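One chain, subunit A, links the two complexes that follow: it is found with subunit B in the first and with subunit C in the second.
Now for the complex of A and B:
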C-alpha cells in the first residue's frame, strides 16, 4: 500500500526554510548547468546555421580555413562553369568567388579593436547564402561601399548607415545592414569582391562558394573538382565546413559544463542528504506509527524518496527559471579557425530545461536514498520507545 | 579556549552531517580555486611580459605581413636597441588533431631578445648553424615523444607542402607562463623555400628603456601611416592582453559561475547549521540555566560554523593547489603555467570567513536571544 504523497508535501511545507535552502542549492547547480550548455549550444548553433548542406565551399588543397586558402581567378572561372551548379532567377549560376580577410575595427564601447571578417562577394552571394537586408541597400558595383551583418552594428563604432569605416587605406561607406538567419555571417562585413581584391591580398580569391542543383550530387562534384589537375582544390559541403569550426570550442565548453556541474552537484547532494537525514530523525515516531499501521518498509522508502525528489523538482524548476533570462543574450568569442570574432546568443532550449530538471531529480534520488533507506529499516519497538 | 572541547563534542554529535558539510565546503572551494586560476593564468601571460619589448604588426590585422624593408627603419628609431621578426606558420603534424604553435624566427635576434627561452649552449649553436633546424619546447617533445636529432615533417596549410625539419634544440621556458609547446624554426628556411615571397608577420623590438614605449609607438606608427602597410605598435603586455580578450569575456563567465558555487554551498552550510541549532534548543536553555552567558553561546555556534567551513576551505584550496601543481595541468595546452596563486588562496579564505559568518549568524543569534523559560517549556 502506498503512503499518500500529500503526507510528504505537508512535511516539506512544515519546514519551509530548510526546504527552500536545499532546493536553492540544487537550483544553483541546475542554473549553472543550463547556462553553460546554453553557451555551448548557442555557439554551435550559430556556426551550424552558417552552412547549408546544399552549398559547396572550395578551398585551395591543404587549406584548413578560408584565411589560408587561395584560388586564382582562372580556377574560379573553371569551377563556375560546372554544370551541376544551380541557376538563379536570372539564369546565372549561383556561384560566389570570395575574398576573405580579417581586419581590425574599433569597438563601440571602450578602447581597443576586434578582429572581424571582411568578405568580398559578388551579386550571386545573396542568393547562395540566403542573405536579407534589414536596412539600407546592397553595395553598388564599383563603389567603396559595404554592408554590415546585424550583429556587428551594436558592437562596433561607425556602423550606422551613412557612416564611414576606414580600413585598407580606404574609406568605405556603410550602405546597409543584413541578416543571415542568426548565423556567423551576421558577424561579417561584406563588400564587392572586385573592390576588396586589389586592396587586400592581390589577384586571388580565397574561396568559391556555390549552390548545388541537386544536393545529392555532392560526391560527384567533389570528385570532379578535386580530380582536376588544373585546379588543385578541395571541396566540402558548407555545412560540414562550418560545423568543423565549432567542434573544438563546443567540446571545451561542454567538458567544462560537465566538470563544473558534477563537482557542484556532489556538494548539493550532500546538502540534500543532510536535510533528509534530519527529516527522518525528527520524524522517527511518525515513521514508526506508519510501520505499525501496516505500511510496508518499501512504501516508507518510496515515500521518503519521493519527498527528496519533490524538493529536487522544486530546485530543478527554480534553476531553470534562474537560467531562463540569459536566453538570447549576445556574447562573443573568437573563431580560432578564422581568427575573427563571432557573436552568438545563449540558447536555452526546452530540451536543456528538461535536462536540467532531470539532473535535479537524479540529485534528489541520490541524496534521498540513504536517508529513506534508514527510515524503511527503522525498528518499530526502538523508535516508539 | 577551554570551551573548544565542547565545540568538538558538538561537531561529533552528527558525524555524517559534519563530514558532508565540510566536504561540501571543500568541493566549493576547490571549484572556486580552479575557476579563478583560469582567469589568473590567462592574465599571467600578460603580466610576465617584458615592459621593454614591443610588437609591431600590420594595422589592418595580424594576418597581413609587413615589408622586410621595415627592419632597417625600425632599427633606426631612437630608443630601439634590437629588432627581430617572425612569421606564423600554420601547419599540421600527423593527423592534425593536436594543435601547437609554429613560428619562423630570425634565430640570432630571436634568442637574444627572449632570454626566457632557455636553450643549452651546444644546442643553440646547432640551431644557429643549420638551416632546416628546429627549436622545440620541452612540453611538445613529450607530447609527441620526439627525440633530439629526429626529423619531423609538418604539412603546411598557409605555406603548402611537406616541410621537414631536424630537431636540433629543445627549450625550457624560465617562466611558467611561456608556452613550452611551440615549434620554432628559421625564417631564412621559410624565405628560401617560398622563393623569397614571404615577408615578416610581425616585428619585435627591444627598447633602451620601458618609459620610451609610448613615444616609440607613436614615432613608428606615424612613420608608416601613409605607406602601403601601416603599422600598429604596442607593448608586449598589450599584445598579449589582446589575445586574452579574444576568448571573450572569460573573466565574467568564471566569476559568475564562482558566485553560483559559493551561494550554493552557503545554502548547504547555513541549512546544516540551522538544523543543528534547532535540535539543540533545549540544550542551549540548559547551558544558559547553569550559567553560560548569551555571548558564550553565540560564540559556540559561530566557532562551530567557523571550524567546519575553515576545515573545508583548507581541504579544498590546498587540494586544488597540490593537485594542479602535482599533475602539471595545463588546460590541454590552452593554459600554460596553470597555477593556484597565493592571491587566489587568500581570496578563498576571505570568502570562507564570510561563509562562516553568513551561515552561523542566524543560529548563533537565536542561541543568543533564546529565553530559558520559553525553550524549556518545549523540552519533554
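Now for the complex of A and C:
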C-alpha cells in the first residue's frame, strides 16, 4: 500500500514559499515552451489553412516555390482546358493563372519597408481560394487597382481604401480589403494578373491554381499534367504545397523551442532538486518513521516522487495559464520560401497545454528522483538519532 | 518457547578507525505477554538492542528470533513486511507526522494490512479509544500536548495488534503527570490486552510498572 498522497500534498502546503518558487520556475519554462510551440503551430496552421486539398497548384517542373516558377501563357491555357477542372456558377472553369512577385512596401510603424507578396489573379481566383471582401470592392479589370489581405492593413502604410501604393513604377489604388479564413493569403496584395504581368516578370505566369471537379482524381490529373511533354510542369495538391512551405520554419521554431526550454529546464530541474532535497532533509525523522512502520523503501521513493510531480503539476498548470493570453495575438515572420512577410496568430491548443503539463511532470520526475532515492535509502537507525 | 530469543548477539560499530563494542555474547529470552523494562546508563546499548529486535539494525553476529522468525537473516523488503505485521514502535520524541491528523497517523500501519477503509476507520477509533483520545481524532499533532502526542504514538503502535510493542524512552520528554498517564496506559495494555511490551527507560519510576526489569551496562545484562 502506498503512503497516502495527502501526506505529500499537506507537506507541500506546509512550505508554501519554496513550493511556490519551484512551481514558478517550472511555470516559466512551461510558458516559454508553450509560447514557442504556439508560434510554430500558428505559422504552420496559417499556411496549412492556405491550401485546400480540392485545389491543385501547378508550377514549372523542378521549381520548389512560386518564386522560381514560370508557366507560359500557352501552357496555362492548355491546363485550363482540362475537363477534370471544376466549374463555377457561371460554368467557367475554376482556374486562376497567377503572377507571383515579392515587393516591398513601407511599414505602418517606424521607418523601413517589408517584403510582401503581390499576386496577380483572375476573377475565378476568388472562388478557387474562397476569398471574400470585407471592405470595398474587387479590382476592376484593366485598371491599376489592388485589394489587400486584411492582415496587411494595420501593418503597412497607405493601405486604407482610396490610398495609393506605389510599386513597379506605377501607382496602385487600394479599392478593397479581403479575408481568406485566416490563411497566409491575408498577408498578400492582389491585383489583376493581366495588369501585374507586364510590369513584373513579362509574359509568364508563376503558377496555375485550379479546383478539381473530383478531389479523388488528383493522381490522375497529376499524371496527365506531368506526362504532357508540352507543359513541363509539376502538380501538387494545394494543401501539400503550403504545408511544405511551412516545414523549414516550423522545424526551426520547434528546434529553438526545444533548445531554449531545455536550457531553462535544466535550471528549473535544479530548483526542483534543491526543493526536494530540502524536503527530504527536513523530514528525515518522518521518513524513518515510515520505514519503521513497515513501508517499503520503494513506497518512500514513490511518495517523494509524487510530491515532486505534484509541485510540477502545479507549475505546469500555472505555465499553461501564463501562456494562454498569447493565444490569438498576431505576429509576423518571413516565409522562407517566398522571403515575404506572413502574418499569423499564436495558436495555444489544448494539445499544446497538455504537452506543457507533461513536460512539467517530466521535469518534476527528473528533479525529484535523486532526492526521493536518497529518502528511500535512508538508514533508519542513523535517521532516528 | 519464548517470544523473543536473543542468542550470542555481538554488536559493534566502526567509528573512524575505532571499533566500539556494544554487546558481546548477549543472550536473553522474553516471554509472550511480558512487560519488560530495560534500564541502563546512556550509551549502554539500550536503544541499539531495541533496534535489533525491530530489525532496524543487524547484529554483527548471533541470532535474534521474534515469534519464530530469524530477524537477522531477513532481506530488507522481507523485514519491512515483517515489521508491519509484528512490531509496534514508539519513539521518545513521538515522531508523529505533523501534517496528518491523529487518526491519519494511527491509520498509517493499517495501510499495510489488507483492510477496507471502513475496517481501518473502526480500528483507528478503537485504538484512539484505548489511549483515551477518541475525541482528538481530527486534531493535528501541533494541537495536542506532549502526553497526548505520545498516546497517539502508542495508539499507532498497537493499532495493527503487533506481536511485540517496543518503546524507546516513551516518557523521556514528558512532564510527571503525562509520564504517569503513559505508564498507566502501558500497564493496562499489558494487563488487559496481554500485549508484550519492552520499554527502554532511564526512569526508575517507569521501570517499576514493568513486570521484569533488566539492566544493561557495558554490554552486559543483569536482572
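Here is the rule we use: the second predicted complex is superposed on the first by the 384 of 385 C-alpha atoms of A that agree within 3 Å, B and C clash if a C-alpha of one lies under 4 Å from a C-alpha of the other, contacts with A are read in each partner's own complex, and residues count from 1 in each chain.
Everything that follows uses one rule, which is that contacts are C-beta pairs under 8 Å (C-beta built on N, C-alpha and C of every residue); 3 or more make two chains touch, one makes a residue touch a chain.
Owing to the predicted nature of the structure, the values given are computational and were not obtained by experimental measurement.
> Evaluate whether subunit B and subunit C can sit on subunit A together after superposition, giving fit or clash.
Pair status: fit.
> Please work out whether A:195 is in contact with subunit B alone, subunit C alone, both, or neither, and reply first, second, both or neither.
The answer is neither, since A:195 touches no partner chain.
> Identify the partner contact of A:67: answer first if only subunit B is touched, second if only subunit C is, both if each is, neither if none is.
After superposition on chain A, A:67 lies in contact with subunit B alone.
> Could you work out the angle between subunit B and subunit C as seen from subunit A, using CA centres and rounding to the nearest 10 degrees?
About 90 degrees, rounded to the nearest 10.
> Go through the superposed model and pick first if A:7 touches only subunit B, second if only subunit C, both, or neither.
Second partner only, subunit C.
> Give one of first, second, both or neither to describe whether A:384 is in contact with subunit B, with subunit C, with both, or with none.
The answer is second: A:384 touches subunit C but not subunit B.
> Identify which of subunit B and subunit C touches the larger number of residues of subunit A.
Touched residues of subunit A are more numerous for B.
> Under the stated touch criterion, which partner chain does A:306 make contact with: subunit B (first), subunit C (second), both, or neither?
The answer is neither, since A:306 touches no partner chain.
> Given the touch rule stated above, what does A:21 touch, subunit B (first), subunit C (second), both, or neither?
A:21: touches subunit B, not subunit C.
> Please indicate which partner A:263 is in contact with in the superposed arrangement: first for subunit B, second for subunit C, both, or neither.
Only subunit B is touched by A:263; subunit C is not.
> Please indicate which partner A:289 is in contact with in the superposed arrangement: first for subunit B, second for subunit C, both, or neither.
second
> Once the two complexes are aligned on their shared chain, state how close subunit B comes to subunit C by Cα atoms, in whole Å.
Checking C-alpha atoms only, subunit B sits 12 Å from subunit C at its nearest point.
> Please give the residue numbers of subunit C that touch subunit A in the complex, ascending.
Going by the criterion above, the answer is residues 51, 54, 56-57, 76-77, 80-85, 87, 89, 91, 93, 95, 97-100, 104, 108-109, 111-112, 156.
> Under the touch definition given earlier, write down the residues of subunit A that touch subunit B in their complex.
Interface residues on subunit A, with respect to subunit B: 17-18, 21-22, 24-25, 28-29, 31-32, 35-36, 39, 60-65, 67-68, 101-104, 112, 115, 167-169, 200, 252, 260, 263-264, 266-268, 270-271, 273-275, 277-278, 282, 331-334, 339, 341.
> Name, in rising order, each residue of subunit A that touches subunit C in their complex.
1-4, 6-7, 10-11, 13-14, 285-286, 288-297, 380-381, 384
> Can you name the residues of subunit B that touch subunit A in the complex?
14, 16-17, 20-21, 23-24, 27-28, 30-31, 35, 59-64, 90, 92, 96, 155-158, 160, 228, 230, 232, 242, 245-249, 253, 256-257, 260-261, 263-265, 267-268, 270-272, 274-275, 279, 334
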